[in-house]
Structure formats: structure tokens, C-alpha cells
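Two complexes are shown next, each including chain A; its partner changes from chain B in the first to chain C in the second.
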Partner chain A sequence: MSALLDVRGLSVQFASSHGRVQAVDDVSLTVGAGEIVGLVGESGCGKSVATMSLLRLLPPTATVSGEAWFEGTNLLVQSPRQLRAVRGRKVSFIFQEPMSSLNPLFTIGEQITEVMRKHLGLSRREARRRAVNLLETVRIADPARRLSEYPHQLSGGMCQRAMIAMAIACQPKLLIADEPTTALDVTIQTEVLDLLRDLRDELGMAVILITHNLGVVADIVDRVCVMYAGRKIEEAPVEEIFRASHHPYTRGLIAAVPRLGNRVDRLEEIPGHVPVMHGPASMCSFAPRCPRAADDCVEYRPELEPLERNHTAACFHPYQAPV
Partner chain B sequence: MTPVLRVVDLVKHFKVGGQTGRALTVHAVDGVSFEIGEREIFGLVGESGSGKTTVAQCVARLYEPTSGSIELDGVDITHMSQRALRPLRRTMHTVFQNPYSSLNPRMTCEQIIKEPLDSHRVARGTESRRMVVETADRVGLRAALLERYPHELSGGQRQRVGLARSLVLKPRLLIADEPVSALDVSIQASILNLLKDLQDDMGFSCLFISHDLATVEFLCERVAVMYLGQIVESANRQTLFSHAEHPYTRALLDAVLVPDPEARRTRDRSHLHGEIPSPTDPPIGCRFRTRCPLSEESAPRSLEEEPQLRELTPGHAVACHLAGAHGGQRHTASAGAAGGAGNTG
Partner chain C sequence: MSATDIAGSTIAPEPTRSRRLAFLRRPVILASGTVVAAFIVVAALAPAIAPYSPSATDFTAVLAPPSGRHLLGTDDLGRDVLSRLIYGARASQEAGVLATAIALAVAVPVGLVAGFFRGRLDATIARLIDVMLAFPSLVLAVALSAIFGPSLTNATLALGIAAIPGLVRVARGETLVLREQTFVKAAIVSATPTHTILRRHVLPNLASTLIVQATVTIPTAIIGESMLSFLGLGVQAPTPSWGSMLSAAEPYIASAPRLILLPIAAIFAVTLSYNLLGDALRDALDPRLRL
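And now, the complex of A and B:
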């Protein structure tokens, strides 16, 4: 089966006053239809930049190279006009801050119907009828009234649901959700995740879920890609990642999270912090913080190698035994 | 023995202009009582809008309490003038959530940490420099970082500066309002370990505010859960995390996502529907009844009568009409059934 999205050798550099910054370094990624892929890593690892570059949503200071094949076309070389037919129609985005990504000057209804009128050419009346259905789908009570309200009149959880309604209005093939639950309370978080899962099941929509929250990953993701300092360093089905990850960074990340009902006296720490990359890596970027680092880790750069079926890791000294 | 902090019946209402011009009252905190003992870490948890931060701001006297009383080491500070309060401020310090916005960007780390020493006239010159370096060392900041400005530091380092500033006067009470929420997971772990070590070492008491139950379980000996301005359950750590009685506490515990894909199959679909009601108009009777999975069982009593905090066992208090009536098991079963009916219906 060919993948819905096939990203090959994606690199993103930014020009800044402190010189070049390598935000994404040679990342490849595939997403199958109806699959939920998790992009995991700490702030600054390049996970948001990588996905934003796919729809060319980055500022002009960014230089993007590589290929991103979606339905037989390379998104990275398409004209702005061709891209407009993809954005919001076939691939749509949900951002972390629902309050700041909705336009405060337009009602929820105007913002949802705009997508459908532009992309699907619906009449005002038909778009409105569908918008009511969409708000019902995302479980907003009293949808007809909510349509004529402004973002500030809705709570954070409701704004996020309105964002999701807007993102799925044209039944996209791929939804990119960037930390969709980070700004929400835990009780709302599970509702939003249940909703995303239902939408995948009902519409067959694929999802790239960007998150640093491993609880969210364990709950909803099928396949996990772990990123560090702009590079993908491990990829495996979700059960594998939690049961037997190979990369020391992935293990460190999982061990650092306090677990409810499994109290420890000390949490595992990862000393040091994420480096800022000024060009493609020439060594293992994690080596300075790694408990298993040896001489070869600072001399050569480890490439992603298959260690088991469907499980790759970029590490010269991977863990072998399960956790 | 006198507790380090005693809060009795704390109420904080805010007046705001309504949409139609008429004034509304926000019931941010409505009758909260708790005590924090010597060397104790006390956790206050709840969703956004539950009033937990307002409690902290009242304790720090950044807000003027509407009524109730706050005692610090047996001294009533509820309505003490800011001037009279100044010497007491040495004994109570706050670490804020966001280390990016709570440090003055125009001061070096040394100046930031040293400021409390100056304003309380505790030490000057070499003595103050020595105290700054010693505290910085304690929180794991290299002396070389002291000359830097906050923007030159990472998030974890900034939060260490925030901690150093709060601890340089060796306070009796540390108020920590979501101190790790803005940090990355790997950094969170080191700050939480550090906070625990420092508390062991220096023996301060701590009011720890968080929405993250796993963090609270790691750090706190006693925990209170807030909902719409009130404490709905309080207990020691073990009881709260294994024998929670209030349906809200249980829902919060259920909603915590465990980093284990196996848990996915066993997780109930969320059965706490809707969102926290507006504190300008809290429900009459039980404040939780609009979202409670047991609302049918507790009606009609919950419609009229506000449940009071009752001690079920020594140290474990719950504000629910149904608490203790028929143990915990039945409640879980009925909540599960309600969730199931919702899915198929």
C-alpha cells in the first residue's frame, strides 16, 4: 500500500541574527490512510516546524529542502494557488492555542462556513446547515446559538472543539494536530482525544499528532516518531516504544514522567539541555547527555537503522532488553 | 503545635462588570479551610477556574481576602497592613508558573537572587554575595551563570533562579504555583527532584499548586481537591490516590493518561461531561451536580443542599451527599454504566 503522505529528507534552516539554525535535519516520515502517527519530542526539537513546512506555513527566513509527496504531488514545489487547494481541504491543521488561532473579529459560524464556501463552493445556507452538524459532531451543545458567538464567549475547550470542527469541515485526508490538548484541562483532554479517535474511525482520516505528553501518545497514537535536535532518532509502533525502546533518549523521556499510582522517591532526570543546531549534525546530538555515549558517538553520526521489524533507531549503543 | 499556615473559611469574591452593564460577583474562593504543618508539602489540585491560584494569592496577600482568616505561624495576617506585613514577608515566598515572565529581564541572575536580601536588609556586600552564591549552588546554578540575564538561560535554569530567589531568605513557607507546568518533561523531573531535596534539607513547608495529579502524588504528603472555589475532598496522599470518595476526584484520577498503551483498552471513556460552570453563578446546592456522574442518585437533595466537608475517617474529608453511604465500588460501577449508555445512545 502506498502511503498517504511520504516525506523524504526534509530539512529546514532558519536565518537568524545568530547565524543559521538547523531546525529540521534530514527527516523522513510516512503516514498511511487512517493512521495516527505521533511526533514526539521536547520544545525546540523541530516537530512543529517540520509539519508546518509541509504546507509552507513558515516565514520567509526559512529554507526548506526535501520532498513531501501527498496524493502523487510534491507539496514542497507546488505553486501558492495549487497549495490553497490542499490547505484546509485535504490537509488541515489544529494549533495548540485555540484562543489565539481563531479570529476574534468573526463569529464561530463565519469562520467555519468560510472554509466550506471557499473550498466546496457551498451556498451560505447549505454551509450554515453543515456547520450546525459539525458542531454537533464535536459535541458542542446548542450549536445554532454557538455559531453566532465570538471566540471570547466560548471557553478554551469549546474553542478547541470549534477549531476541530473547522479543520474537519471539508473532510480532509490528513489532520495535523499540534499539541491539541496541551492548553486544556485533563477532563477536557480525554474528551478531545476520544473525539479525534472517533473521527479517524468514522471518516478514515489520518492524523499526525504532535505532542510532548507521553500519556497522550500512549492513549491514541498507532506509531511513534521521536525527534531530538531536529532529527528523527527512533520510530516504532506505540507498544514497542513503551515496552522496548532502543534509544537512550526515548527511554530517558519515558522514565522522567511521574506515573500516577506508581510513586517513586526520585524521578529519572536527563541532565543537560537540548543543543541548538547551526547546521546538519556531524555526531550524535544526544551524546553529551547520554549515559551510554562512547567515542564513536562524537566522531560519527548514527543513522536510523532497523533493529527489529518496524522499529528503527539512530544509536550506536542501543538498549536491547525490554524496559 | 501551631501550624505554619492556617487558613479558615477563606472567601474571595471579585466584582466585575457584566455584559449588560450590571455588576457580577465572581465567587473565586468560597469557604476554604486547611492547615499546613511544619515541614509539610501540601498539594492543592483542580482544573483551571477552580480557584486554587486565588487561594495562593490570598495567602501571599497579593489579594485582599473578602472574609475568613489566614494565620502564618500563629499570627493573623488576614487584614494586616502591607507595612506591618513586610517583616513577615521574609517567612513566606512564592515561585511562579512561568519562569519566562516572572523574572525581571533587565536584572542579572545575581541581582534577582540578591534583591530580597537588600529589601529586607538582611545582608550586604560580601556577606550577601556569599549567600547568593551559596543558594545558587544549592539549586544547581553554576556561579558563572549569575552574571547572565534571564533570556540567556534555559527554562530549567530560569526556574532554578526563581527557586533561589524564593529560598535565599530561608522562608518557613514556600508557595509554589504550578512551578513546572511550563517546562519540558526532562526538565520537570530535575526541578521536582530538586524541590524535594531542598525541602528535606531546609525544612520549609510548602503550598504546592498543580493540575497534574501525578506530580502531586510524587511530591505532596497531603492533598486537597478544589472545585469551583471550594475544597471537595482532602486526605493524605495514600488515601486520596487509592480511596478517593468524591466523584470529582475520581473523575480527575480517571482522566489522567498513563504513559502505557495497555491502559488504553481499560480507560473508561471520559464520563465527566461539560465544563466547569461559571464562578459568577455557581449551581445552587451541590456545585458539582451539573457534571456529576451520580447526579441522579444524589438528587433531589443535591439540588437544594450544599454538601459540607465531612470526615469519613480521621484526616479524610469529603463534601458529597453520597460519600460513605455505600462504599466506593458501587460508584465506579455506576459511573462506568453511565459512560456505556452514553456511547451506545
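And now, the complex of A and C:
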């Protein structure tokens, strides 16, 4: 599979009044055409910042370094004009809060057609016709009527579908979905995730799915990247992650997913918090919370090493046995 | 809970035009809106409505009490008080609306740009606004019209400038909130040009706040005009204004109190109505209360 997006050595620092904050530290990531990659980690581990930085959507206080090759060009050095041709047209985003992602003063139809008329130069009539099709594609019932409704008349799930419709309106090559299901209830979550997978199958677009919920990725993702404190610490096909993850942090995340049928008094947790990094890590940043930490973990920084085929982890003392 | 209750609470109301305009039927809006509308009509049609010219003197009826000939009596020069009140509405109206328009024309773009682009420009503008807000706006207006020279145009300009900082602060504050909204981020992400984002996504969402703020700025400017005219910095004789009527009536406060009370009643009714209308519009237009 050829890489659609090839990120190499991506680092992001923020200047703040409390000094530098290292949000992303030397992350590399490839996404193949039509592949769904899950980017997993706790809040604040740099998942969103990493993807936002690809399209240079971060505030000016951020310093971004590294390379992000997309269709033969490095996004991180492109001019604003070149970037505008990529944003929304070839790479599009959907966000966590569907209800506030739509402008409350315009109808769904106005907002969907605006994107197509701007990027694809369609006429009003043609854009509207396509918008009806799009709403059908994202499985909104009675699309013609919904087009003339305002966001507050739609449920959260429908708003997220409408957002997805807008995001795929220009048939992007890559869809970045930042916690698209967090604000939705569980049954709707499944429907939206299924929809994303089906859209990938129909349109052949790649998806980066950002989530803190391993349960969410299990169903639809091809490959998982686990991030911790700004670094990528494990990457493997999704079955590998659940069958035999090596990194103690990944194991902790999997253990933290509650399971039906197991009666427990207390849910599994990983003690402690994600540290705030003020520069590139010099040790394993998970060591203070790690059950397997040893002296070398605080002296050196573990690099990503291939442990099996297609499976890398950054750990000096990885688990070897299956989960 | 009965079946109709359930149906009533779960079926979303259809957004018909009558429902959208339903707020117009609220009693406070109806009453204050009527006074404001009457004020606007009276000011616009003053020459047709007023029984006499506002500067026509009738020396046979100086300080005459209300009568069939002069419904609200006459002043110390024998001028018809009703006619002067009606023409005085013009000065108030002009000052109130124009000053607010001037302030909006300056404050909205400034607040929008400062709030949306942030950075050093925003910091400079915000500090400047803080400095201007440190002066009470009416004191600022007095100082400005003293500099510009006494006339209704200059008083209006001064009141407009004095109203700018408050409006900039509102426009900037709302823009700060809106720029963090996901739909603005989504627009940036889909490469919407900045001017389109400001025009389509930020400004329309500001509109209801600005409309409310304008209905509160107009009465402030009306009081300001009366005050400036009272001090001799606004409308010049013989053109009537509620403020100059007050200052002219000062010697007769004991002998003919209506000369003071009538303009005060007019100022009071109009500014109160504008303020009530503003409050009611805020309730009606606040998108957070819309559902």
C-alpha cells in the first residue's frame, strides 16, 4: 500500500507563560490510501495537536518541525494559498462537538452547498442536488426536508452526520475525525463509526480516527498508533494491539476498557497523570506510572523498535506474552 | 403524564414565520415598541403634526397655561410648548440614531478585527478602549463637543465617539467567543477565506447582541443630546430641543413647572421605552434562550 500521508519526525512546541510545552515529540506516521488509522491516547497526549499541525491550524504560539508529505508535497512548508487548496478539498476534518460545529443561523443545506460551490464551483441547483445525495449517503432520512432545517432542529447524531456530509462533500483523500463520537450516545456512536467505515469502502478515502477509547477503534480501524505525552509509543495492526500489545501503557489502556460480564468492584486504571513535557523527552515519560519500570527507563529514552512484523513499541521491558 | 403532554413535549415546533415573530406580541415589547414607534413617527412628521411653528411667538399669550388654543400652554416667549416638544423630538431622534450609527460603523469592524485576529493589534485596541472607558461617556461627550464647538451635528458626533468604546468591547468580546466555536474552526479547516468567515459566520451571530446593544445606546445618546443642549453645547436657539427647553425653563420652575416637567416626561418616556425594548429584545433574540 502506498502512503497517502507520510509524517516524519513531527514535533510541536508551544510557547506559554510557564515556559515551553512539548505537545508533540518526534512523531512519525504513515497513512495509506483507504486505510483507517486510529490515533489513541489520553487527553492531552498530543493527538489533536499533531493532526491540526499537519494543516497548520495551530495558533502562532506553536512551533512545528518535521515533514508531512501528502501527495508528493510537504504540507509543513507550503504557502497559505497552496494549503487552502488542500484544506477541505483533499483533507477534511470532523470535530468532537457536532452541535456547535454547525453555524446556528444557517440551514444545513446552505452550509453543505457552500462548501461545494466554493471548492467545486458548482451551481446552486447542482450543489443542492448533490447535497440531497450526500445526506442520503450519510443515512439521514428525508434529506430534502432536512436540508432546509436549522442545526437546532437536528439531534446530535444527525448533526454529526451532517458534518460528515460536509466533510466528504468534496471527496477528500483523507478525513481526520477528532473524537467524532465522544458527544454521542453509545448506539449512535456505533452507527457513526459504521458509517465512517462504509464511506471508506465506497469512496476509498483514508481516515485518521482520533480517540481516547480503545473500544471505539477495535471495530473499524486497520492500524493503531498509541500516543503518550507527545510521543508515539506503540504501533501495530488492530488485532495485534488487542492480542499481544507490548507496551505497558497500551496494556493499561486495554485493561481500562470495562467488559460486560466481568463483575468488578473497581474499574482498572493507570495511576497518575500524563506529565506535561517542557522539551524533548530524555527518559521514558511513562516510567513514573509504569509497573515494569527499571533504572534504565529513567536514564535513557526508549526508541520505537520493531518487535514483530508491523509491530513497533518504545519500551525497554515490553510484555511478550499475549494479553 | 397524559398522552397529549407527551406529544406536546416531544414534537419539535415547526419554525413558521408567525412563531419566529411571536416575541413581538409580548406586552413589554408591544408597549415600549409603540412608544418608540410613535416617537419616530412624530419626529419624522413634525411639520405636519405640530399645530404651530416651534419658533412662532405669541406675545398675547406668554406663559399661558394649557388651553384649547395651546394644548400644553406656552413658554416665556409665547411659543407653543406642544409644537416645541414635537420638533424637539427631531433633535433627540437625530442625535440618538445617528450617534449610534456612527458608533456601530466604527466599533463593529474594529471589534471584529481585534477579536478575530488577536495579537498585538488586539492588545493595543483593548488597552485604548479601557482608557476611553475610564472616562464616563457623557463627560467624554461634553469634552468632545466643547472641542468641536456647539451644534447638533457636533454634539451627535461627540456622542457617537463617546459610544464607540462600549460597543467595541461588546463586539470584540462576542467575536472572541465565536472564533473558538467549532463551526468557525470548521470553516477555517475547509479553507473558507477569512473575510467570508467574518461575514457569514461571525457577524450574523453577533447581530442579535449588536441590535440589543444599539437599542441601549440610542437612549444614552438621547439623554446625552438633552444634556449637551441643556449646557448650551448642542442644539442652538431658536431650534427647539428637549434639553434646551429645560434650560430655558429654569427661571420658571416655581411659576410654570410644566415647562420643566413636560420635556422631562418626554425624555423619560422615550429613553425608558428604548431600554425596555432593548431588554425585551435581548430576551427574545438570545440564541441560548431560543429553544
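In the analysis below, the second predicted complex is superposed on the first by the 318 of 323 C-alpha atoms of A that agree within 3 Å, B and C clash if a C-alpha of one lies under 4 Å from a C-alpha of the other, contacts with A are read in each partner's own complex, and residues count from 1 in each chain.
Rule of thumb we're sticking to: a contact is a pair of C-beta atoms (placed from the backbone, for glycine too) under 8 Å apart; a residue touches a chain by one contact, two chains touch by 3 or more.
Note that this is a predicted model, so its numbers are computed, not measured.
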Which superposed partner A:Met163 touches (first chain B, second chain C, both, neither): second
Contacts of A:Asn103 with chain B and chain C, given as first, second, both or neither: second
First (chain B), second (chain C), both or neither touched by A:Arg124: neither
Touched partner set for A:His18, first chain B, second chain C, both or neither: neither
Touching both chain B and chain C, residues of chain A: none
Touch list for chain B against partner chain A, complex: 47-48, 154-156, 184-190, 192-193, 196, 211, 213-215, 217-218, 241-242, 251-253, 255-264, 267, 269-270, 272-276
Residue ranges of chain A in contact with chain B within the complex: 42-43, 141, 155-158, 185-191, 193-194, 212-220, 238-239, 242, 252-254, 256-261, 263-264, 266-271, 273
Touching residues on chain A, where the partner in the complex is chain C: 55, 57, 60, 83-89, 92-93, 95-97, 100-106, 114-115, 118-119, 149-150, 152-153, 163, 166
Chain C to chain A touching residues, read off their complex: 12, 15, 119, 181-183, 185-186, 188-193, 200-201, 204-205, 287, 290-291
